[in-house]
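Reading through the structure tokens given below for one structure.
Labels run A, B, C and D following the written order; every chain starts at residue 1.
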Amino acid sequence: MAVRVNPKLITELAKYGADDVQNCYHCGNCSATCPFSKEPFVIPRRSMRYLQMGLEKSLRGDLEPWLCYYCGECSEQCPRGAEPGETMMSLRRWLTSRYDFTGLAGLFYRSTRAEIAALVLVALLTAAGLLAYGYIWGGGDLSAFDGGEGRRPFLPASAIHVFDWALGLGFLAVLLVNVARMWHFTMRSRRSPRVSAAAYLKHAVLLPVHFFSQKRWAECKETTPWKMHLGLMLGYVTMLVLVMFFLEPLQHGPGIRWEVHAFGYLATAGLLAGTIYALRGRLRKSRSSHRHSHGTDWVFLGLLLAVVATGVVLHLTHRLGYGTAANVTYLVHMMAVVPWLARYPFTKWSHLVYRPLAMYFAALQSEALTSRVRGQEQPAALARAA
Amino acid sequence: MNARKLQVALYWGAACGGCDVAVLDTDEFVLDLAQAADIRFWPIAVDGKYSDLEAMADGELDLALFNGAVRNSENEQVAKLLRAKSRILVAFGSCAHLGGIPGLANLTSKDDILATVYLGNPSLEPGNQTLPQPRTAVNGGALEIPTFYRRVYRLSDVVDVDYFVPGCPPAPAQVKAVLLAVVGGQLPPRRSVLGAGERALCDECPRAKSEKKVKRFYRPHQVVQDPQRCLLEQGILCMGPATRSGCGVRCPNSNQGCRGCYGPPPDVRDQGARFLSALASIVDSKDPTEIEEILAGLPDFASFAYRFSVPASSLQRSHRP
Amino acid sequence: MSHEPQIVGFLCNWCSYAGADLAGTSRIPYPPNIRVIRVMCSARIEPEFVVEALARGADGVLVCGCHPGDCHYSEGNYKAMRRFPLLKQVLEAYGVENERVRLEWVSASEGQRFAEIVAEMTERLRALGPSRVKAALQADMLER
Amino acid sequence: MAEPKIGVFICSCGTNISHVVDTEAVREQALVLPGVETARTYRYMCSNPGQEMIGAAVREHGLDRVVVAACSPRMHERTFRGACRAAGLNPYLFEMANIREQCSWVHADRPAATLKATALTRAAVFRVARNEPLDGLTAEMCPTTLVLGGGIAGLTAALELAEGGYPVVLVERSDRLGGNLARVDLTAPYLDSARDLLTERITRVRRHHNITVMLHSQLKALSGFVGNFTATVQTADGEAPRTIAFRLGNVVVATGYREFDASRITHYGWGKLPNVVTSFEFERMLRSGRIETKDGRPPRYAAIIHCVGSRSREFHGYCSRVCCMTALKYAQEIKSAVPDCYVSDLYIDMHAFGKGCEDFYKRGSEAKTLFLMYGKNEHPVIRRAPPGDDCEMLIEVDEQLSGERIEIPADLVVLMVGMEAREDSAEVAHLVNISQDKDGWFIESHPKLDPVATTTEGIYIAGTCAAPKDIPDTVAQARAAAGRILARIARGRIEIDGVFAEVHEERCSGCRICNELCPYSAIEFDSEKRRSHVIAAACKACGACAAACPSGAVKARHFTSEQVLAQVEGLLS
């Protein structure tokens, strides 16, 4: 059965950042240099071809963009300036928007303006919400940050938890739906081999492994980006855990509780280092992976920086005992954090989940395929033995 | 011309006798010959014994006409005698010249011939396995017959020949010419061909010739021929192009392809091979299988192309180094 | 020691002789049994050349020309192609084995092919043994 | 003939020969051969000292014949003939024995190789003893040139020759000049207009006092030989059709090509589907400036299919060379005329070999053309799209780079029809006596070293009648041909090599067997004398006639039966 090509897709993808795909004439240099391009995966050439031809379905079921860490070697090697690396990046954006059932991801990717508008809106809502709480149900005393000296804090941790837990769960739900879609597109595609439940279990461990280590990235020629990203990501996760589960000890001051704060400082360090590295890279366009920046990239980094920076200031003001300042900073901090979290299921953010998943699925697929191949070879082998 | 009469011998080797008849065909000229010459030895016409011949002194004869090929020891013996006794030895007729029709026997073997004639012949009384032997003991005495050679030879293969008179048989006019030439003593250089042309038969052939391309070959009975037009162009085999002229175009003029009895033209070594080359060259096809088909219309081509010249062919004549 | 056949080759100047030269320049070995005579075109090769070679003691004769359609003189090789079957017929009548004469098309770029043909023909002729043409002739001329 | 005095010179070629062949033994064997006065060995016979050695020996021993046993005659025959000439010997009294290419380089067994070298040398000695001194002939050169075909090649050649100051007769079959190029709009890769290229030339040709243009005309017969041809041309140019004959010295064949008939590939539906057009039909659209479907809408989807009739097993195996770039040109032209039209380009391999073509290809892809690769010998299939689809037709094909069987939307399909030999090419080839390859293209005398000459002296080929070509190559060939002819004319009389066939009249019986055999119609039959004779200048010395002459009347000079048979004897004694 013939698949209908969609010549328009290539134009559509331009909005996601893939500008030069059509230059590719499939010499294969890119796949030759890519450390991940091994049977049964052809990275990035196959995805490039699907894109050129506008084979939307094949592309949607394609795991390969997720197997690429954008070391940029392919783009370096490309004789036609087809920017395979950037194309894979754009494809990841496009895939994210395909997985997302709300359609917001697509909207944001196609228009940075829309995204910013959305973020501002969420920020204002957050501010309004918190202020309302502080004045109406809270103590209303801006100068009282935490429960020190028996005063009711302007925004008690318990209250915060109401917010973050609610938010977290909400977005998690959305994300889970998207994950389900991703699974359906990729593992149930025309090309994908069928995988047994047993296999799913057997390899489940891959998920946490890749989530925490992104170890395959280490296979790229240059490892600094991986290290930086690792720091950033670990810092991020640590911070998330601290906020979600150790908010009280974290907020309690002014004395420093080393058993929690130590982690806080480390995490902050990781976050700062990672963010600054990425920002400098993109500003200087030093590495080919940083040469092209999509609007969402800037928003992502900007917002991240805001979160970290306000977090640091908050910490300082609080420890120095400036209650009012601390509370104000906290508001601002929240105005960054909430939108930040809000983007979770829709944009770049979500690769946190998609990537490990893709790694996991890919492993399942290649195993299924190789075993299938072995199955076919069996008789021949027997014949040889006889 | 001196008073002394010309001393002449004629001999008939392995042949049909046609050449002797050709001499007789010169009609009353034979009588003039008798006037002008002493016929010292001519088995067909005058009585005589080999001993008479042996008795002659070397060079006693002026002219010996030897017709027929050399097939057995007798032919060779007489050939050698005549060579010794005669100043001029002429290979007379196709057989002596090229081996002739008897020469076709060289395309098979002596054993096959004997077997066919003496062993496989249906007219034999059953069980008779007798083969002729050179010597046979008959009550006390012994009978001798000539040895039957392994193959047929041209006269020139066994003795040195002075002149060649081609033809099967030579045309009477030619016979006259030769004899007169000898009488008159005006002879061309030794070993040359007497009484024949210096070109191929086509030179004398009256038929109209144009460019040649043959798509199919016909046996004479398979096609209505145009008597004005070259036979080859009509796909009818004719050795004319590869045959010395001089016969008076006897065959083509009687609507029959030339058979080549006058032998190859002056500069041709191997009449059959030459004709082969010429004939194949005008076959009108570029496709191997079609070519095979067209050539299949030439059954037993070797016997045709070498009808008179097997013993003279490159593959069988003696190559003097 | 087994009989070493002598092969006379008639090669056209433009394709086959060049092909044989190529076998040389590319150092492709073949048996020394063949000795080559160069003619301008396979159409120049007279059947008389072949019979003469056999009569003088060659155990085999190899005739090579350009591939059909590639003749330098556009159609010469077709003439060779027409003469050959008839020549074989005649030689057979004279008791010369068919394998002793061979017509092959060898282009200027087929050095390898030429070498293979020569090797193969030499083998065949070895197996076939010496040609009787010359011997029989000499014998018959000496004693009848 | 007096006993010849032969000198034999054996080359060691450094060690190329002597490492396998015992040259000393060969020398000794040569010395005892009849007629051999002296035999010598030397390191490099072809070197100057080597050649001088030959000259010295000729003078010292009064040699009248020379044999060099060395490399292939194809290598150094010229050299040594030169040496002989220098030594005052007729160059044809020289013979070469090939003991390198056909001996030392292919045999390892020293005794066997030496034996063979000896035999080859003996053969050469036997032959040279029968060689005859030969002299070439000369004939006059008529300065007029006949140019067949009024396309870009013909026009260019004609102008070149006319500018050179010599008369040209340009014969064109159709009713106008310009040929196939006149049907083209812009040309790849620089997009200059074909009209501009042509009109300037046509007007110059029309005006030029040295050029006679004959439209509606064709060559009917050509007789004679280089420098002395006579052409018979039938023309309907001007008043009533008439046949005229004129003398000329050379011919430039520039008859061009014809396009492949697209209807032969049934699953392209050309002639049935209204919006499937050939490249030439599309050129017409471009010239009219309107790229649209039959019902006058601009196409939303356009598809271009390469190699129509080219590079396939069932039609033509060769590449037509110009289509790829033209296709890219179309892609860009469609894009610029109908910006929101999606163009897909179905190719087998993209051949962008020419100057500036690779960039052109890159630009093509930047114009967001969708390049799809299909397999050799398998054709895309074009069918009507189901009603309600957003396109006219669907093209189905196995896409090679993705391994997918795909379906491409199209409102307009352009078939890049290949080039093929004209229907009358066989007739032309026969008239001017040149050969054609299996595809019908005219064959050059040497594909690399002599690409515009043919095996018939005085007949040159230019442009696409020899093989598919782009405009630059065609023009280059046309000028090359003209250049060759001008050089020939400038030399005045023409020399004819001493090696040719001749008829020995005293032996010719006029059987006319040879007449049809000559590929160059060099044999004439004199019906007065009833003898055939060879026009030496037209003869190429293949020797077919000599081998076929049943009365041995035709003599192939320098390859006489005696000479060849002497070689046979030499090899075998």
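Here, a residue touches a chain if its C-beta (ideal position, glycine included) is under 8 Å from a C-beta of that chain, and two chains touch if they have at least 3 such contacts.
In this text, all values refer to a predicted model and were calculated from it rather than measured experimentally.
Peer 1: So using the touch definition from the top, which pair is joined by more C-beta contacts, B-D or C-D?
Peer 2: Pair with more contacting C-beta pairs, B-D versus C-D: C-D.
Peer 1: Quick one: subunit A and subunit B, Cα centre-to-centre, how many Å?
Peer 2: About 110 Å separates the centre of subunit A from that of subunit B.
Peer 1: Approximately how many whole Å separate the CA-defined centres of subunit B and subunit D?
Peer 2: 53
Peer 1: From the C-alpha centre of subunit A to that of subunit C, how far is it in Å?
Peer 2: Averaging C-alpha atoms per chain gives centres 80 Å apart.
Peer 1: So what's the Cα centroid distance for subunit C and subunit D, whole Å?
Peer 2: From the centre of subunit C to the centre of subunit D is 30 Å.
Peer 1: Two or more other chains in contact with one residue: find those residues in subunit B.
Peer 2: Expected reply: 269, 274, 277, 281.
Peer 1: At least two other chains touched by the same residue of subunit D: list those residues.
Peer 2: Only 517, 544, 547-548, 561, 573 qualify.
Peer 1: Which subunit C residues sit where two or more other chains touch them?
Peer 2: 46, 48, 52, 56, 75, 79, in rising order.
Peer 1: Which of the chains touch, listed as pairs?
Peer 2: Once each pair is checked, the touching ones are A-D, B-C, B-D, C-D.
Peer 1: Which subunit D residues qualify as touching subunit A in the complex?
Peer 2: Residues in contact with subunit A: 301, 342-344, 350, 361-362, 365-366, 368-372, 396, 399, 401-402, 404-409.
Peer 1: Help me check something: in the complex, which residues belonging to subunit C touch subunit D?
Peer 2: 6, 8, 13, 17-18, 20-21, 23-25, 27-32, 35-41, 43-46, 48-49, 52-53, 56-58, 69, 71-76, 79, 115
Peer 1: Under the touch definition given earlier, write down the residues of subunit B that touch subunit C in their complex.
Peer 2: Result: residues 73, 76, 107, 147, 149-151, 153, 157, 269-270, 272-274, 276-277, 279-281, 283, 285-286, 288, 291-292, 295, 298, 300-303, 305-306, 313-316, 318-319 of subunit B touch subunit C.
Peer 1: Spell out the residues on subunit B that touch subunit D in their complex, using ranges where they run on.
Peer 2: Checking each residue of subunit B against subunit D gives 198-203, 209-213, 230, 232, 240-242, 245, 265-269, 274-275, 277-278, 281-282, 321.
Peer 1: Where on subunit D does subunit C make contact in their complex?
Peer 2: So the residues of subunit D touching subunit C come out as 72-75, 98, 100-103, 105-109, 112-113, 115-116, 119-120, 123, 434-435, 437-438, 455, 517, 519, 540-544, 546-548, 556, 559, 561, 564-565, 567-569, 571-573.
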